[in-house]
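You will see subunit A twice below: alongside subunit B first, and alongside subunit C after that.
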Partner chain A sequence: MSAIDFSDPTTIALLTDALTAAGVSGLEISWPGGQLRIVVATGEEARINVSSTAQPVSAAQPVVVKAPMAGHFCSGNSSRSVADRLPRSVSAADTLGFLRVGPILLPLCAGRAGILTRQLAEPDTLVGFGDPLFEIEPQS
Partner chain B sequence: MIEILETGPFNTVQDLGRPGYRDIGVSASGAMDPFAVRIGNILVGNDEVAAGIEVQTFPFSLRFDRRTVFAVTGADGDPMLDALKLLPWCAYTAEAGQVLELKHPPTLARAYVSVGGGLDVPSVMGSRSTSLRGSFGGNAGRPLVKGDRLALGNSADFAPVPANGLAVIEPAVALRDVFPDFVDGTLPVRALPGGEHALFPDDGDAFWSQTWKISSRSDRTGYRLSGEPIKPTTSIEMRSHGIVPGVIQVPPGGEPIVQMSDANTAGGYPKIAGVIECDLWRLGQARIGSRIRFVRSTHAEARAIEQAVARYVEDVRTTSEMIKRALKAMA
Partner chain C sequence: MPETFDGRARFDTVLIANRGEIATRIQKACRALGLKTVVVYSEADRQAPYGRTADSALCIGPSSAAKSYLNKDALLLAARLTGAGAIHPGYGFLSENAAFADAVEKAGLAFIGPSASSIEAMGDKISAKRAMIAAGVPCVPGPDTALAEDTAAIERLALEIGYPVIIKAAGGGGGRGMRVVPEARLLQEAVALTREEARQAFGSPSLYMEKFLQHPRHIEIQVLCDTHGNAVWLGHRDCSMQRRHQKVVEEAPASGIAPEVIGPVGRACVEACRQIGYRGVGTFEFLYEDGAFYFIEMNTRLQVEHPVTEMTSGIDIVQAQIKVAQGDPLDLAQADVNCAGHAFECRINAEDPDTFLPSAGVITGLVLPEEPGIRVDTHIHAGYKVPPYYDSLIAKLIVHAPTRAEAMARMREALAGTRVDGISTNIPFLRALFEDSAFARGETDIHYLEQWLKQRRAP
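Then we have the complex of A and B:
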């Protein structure tokens, strides 16, 4: 599971519908990668503006594995104490680390094949929902 | 349904056992590592008493014929789903047709497969455990064989298992302060002096101070230990009396027997000690040929360990439910 992608047209449509239904005139959301502004206009089409502060998406654009919820970040496989070196190639199903909440571990999967280039959080720190944890350069 | 594709001998359906009928000669049965069964069941959203499969001979494989939540707990080693390596102590969702395979674990003895809804075999005297000695319970009272098909109960779970799985810090790691690690390859097993402890010389020193080996004549009924024979100072004739899992008897040969899950319900050998209930799962994970040493414990210590285990189990239950609910709400 990944954080909500606010540039996804489906998400925008959903939010717009929710705003219209609730009678709210608009909203503005900022995140590290960009900004979304929805203004619900009465009697005419809604105006939607998504701007990205990041590089335009291309095939080589690194993909960020984000925290699915708040928890303590554990890198590698805790049960095997693997000190994996970076960069290294990973497959989509590889478990890169875990989010620990009490005795529970939420596996963090690569989600796509590529080169794992960076680990963006320090081991055993508390991370929040959507915080970037790993960066992967996708390979076709 | 799940279908057994490959199995060794003596793999059975087990739950937490059938206590309460020893007076009429019915062994309690149940998993040799009940801790693993409880955690596996919680991970897949079951009541902790749901029945799963105890795998003690490998390789073992089964096929799911519908989408099923499952977890493999207990033994170490990575289960495989089709060609994909999974984590142990982690709940996943298998799709219809996928095959789960368990290879021989690197160090431990028994793996447990828990499935969402539990195995829907008939409950006999309050349990779905297989009684191999009585040939009842579980899957027609016998070990699983290739081609067996087992029905699954309906899962009452409210929230799905996260797409990447839901794992737990396994008991041996989470409770490492409570369950001491191997010392020079020897598993410390805590025990209390038994009814006839006083019959053995030097306060049972020969029993407590030596390292015992789990002999090949060991199974779910009991572990026969190999070592320097121990003898009571006087030989006594005793009537058979009730015994339970954990009781350590000393037969005339002097090599102790530890009663395990399929324990006899009565016996007449002198009892030198009894393994505390909370350490039985570790003995259940000890392989034939491995070494153990008994550590003299107290009732207070046994109680403290029980409380630590209860806290951990409760923590796993509430936290896993909270996480599943949170992820469902954000999905």
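Then we have the complex of A and C:
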């Protein structure tokens, strides 16, 4: 599910800032590979739990990168559409686009190496949890 | 744009924080008022038809209700992302969650329901009872204070009230957290067990004791209040047909209760609303036995059974609820409320008609009745997949006719004309119930349905 690397401290910090700014007391995000729970407590430090239950994925199956939460989908490069540059090779750490939640842009990582074949969401549209964003053909 | 009672701008978009038939019902009311709707849904409800007819629809989480429809933060983020100005909680889920109502208003949105303080006050059964006594609403014999820890004092109180008594959790409701004590020797164990249950289920060990009524009916009074001090009651309902404390069939009005008996109770409910500063719709639930009413609790939300009152009063309760949240004064006075005819509602559940086990799956064929005097509130269609994660209610069959007998006959026709293929439903059970002679005579108590089922199962 997750196209954002939720184990990345920078991502968690950005998300925590966004939640605090929005007056939201916490958030729980689940994806097939794990779970992130942020509790923003007034007067205390935020509590953050990340647990991973990642399962190996068959290399032959195309992988759909889905939105891990609701937000506005932004493609990776404003000057040049991601869709115009497909197909192309990506590494697991590559940022494919962003999810805008309020003033915060959350990077959407590929999560696995392969050929990015399709962009499945229109840029600047509101996407919900689990909405498909990209398709990657994994490379072994 | 004019402001509402609390200084907010009037809203033009409502986020519906619920699912199923009530999401469809709220959407219809919003559309009639010219408001836009945002539907939020879980992954299991991704194909729900009301998502396609909403102005905006957003998946907020996985199928589990705890991570979607009960996820306060996901709902607030969805409201912010979609620009919704109000949240309608429907019934169940977060509809009676004071913390959610408070969070919604603190986020600058309108909560289409009462204030957090009203929800909190009525959620605590002891404080609710105290407020009702102050307003002259008749209550079940028993003190309006929590039970002491002192066992001798508890025994004295039970003797004063008279056995049988019932021990209830102050934070309980819906049939949970209560225990009937038929005689003195069973009292202390019942108190200890209920206290522990209350501590674990409701987070508070607070208990209270009341007289246990043996053959009561369940009668409700629907109220509607604005933020300008106006309040009306919209007649009464009988919801005695219950199985395991879950209502199965509801009707309006409750038969066999004279206006001079129910009138003062309705007026006392309105007075209670004024005294506690209640806003929106609410339901006072009573036990009724031997010509007397006894308050049990107030539901601070829209009820599943609201359509029977809509059918008899001619008032669209959901629209009225939304208008109150906009800050509008009620456009009717008590004298304008004229209930006419008789209405029944059957809850159509996706469940086995004999075992009542839930039945999820794809609806392969669907026929719904369309005759005059019949209303169907539902979100299902042929091809719809009933998910296994939520309540089994898939439709409400509602009928209205000049008399109770005619309304029963109409419901028999409506049930005969309803077909849901591919999954099991309780329709065969409802058809049999509407052929029962004691039910047809009316005034059956809250235990009748369980006894009727037991007799049917007997060899």
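Throughout what follows, the second predicted complex is superposed on the first by the 75 of 140 C-alpha atoms of A that agree within 3 Å, B and C clash if a C-alpha of one lies under 4 Å from a C-alpha of the other, contacts with A are read in each partner's own complex, and residues count from 1 in each chain.
Criterion: a residue touches a chain if its C-beta (ideal position, glycine included) is under 8 Å from a C-beta of that chain, and two chains touch if they have at least 3 such contacts.
This is a predicted model, so every value here is computed, not measured.
Contact with neither subunit B nor subunit C is seen for A:T125 once the two complexes are overlaid on the shared chain.
Look at A:T117: by the touch rule set out above, it reaches neither subunit B nor subunit C.
Of the two partner chains, subunit C is the only one touched by A:H72; subunit B is not. Shared-chain residue A:C109: touches subunit B; no touch with subunit C. When the shared chain is aligned, no partner comes close enough to touch A:S89: not subunit B, not subunit C. When the two complexes are overlaid on their common chain A, residue A:V101 makes contact with subunit B and with subunit C alike.
69, 101-102, 129 are the residues of subunit A that lie in the contact sets of both subunit B and subunit C, per the superposition on chain A. Taken in their complex, subunit A has these residues touching subunit B: 1, 4, 68-69, 77-79, 93, 95, 98, 100-109, 129. The touching residues of subunit C, counted against subunit A in their complex, run 40-41, 43, 46, 56-62, 67, 71-74, 76-78, 80-82, 103, 106-107. Of all residues in subunit B, those touching subunit A in their complex are 84, 87-90, 162-170, 173-174, 312, 315-316, 319-320, 322-323, 326-327, 330-331. Here subunit A touches subunit C in the complex through residues 19, 22-28, 30, 69-72, 101-102, 126, 128-131, going by the rule given at the top.
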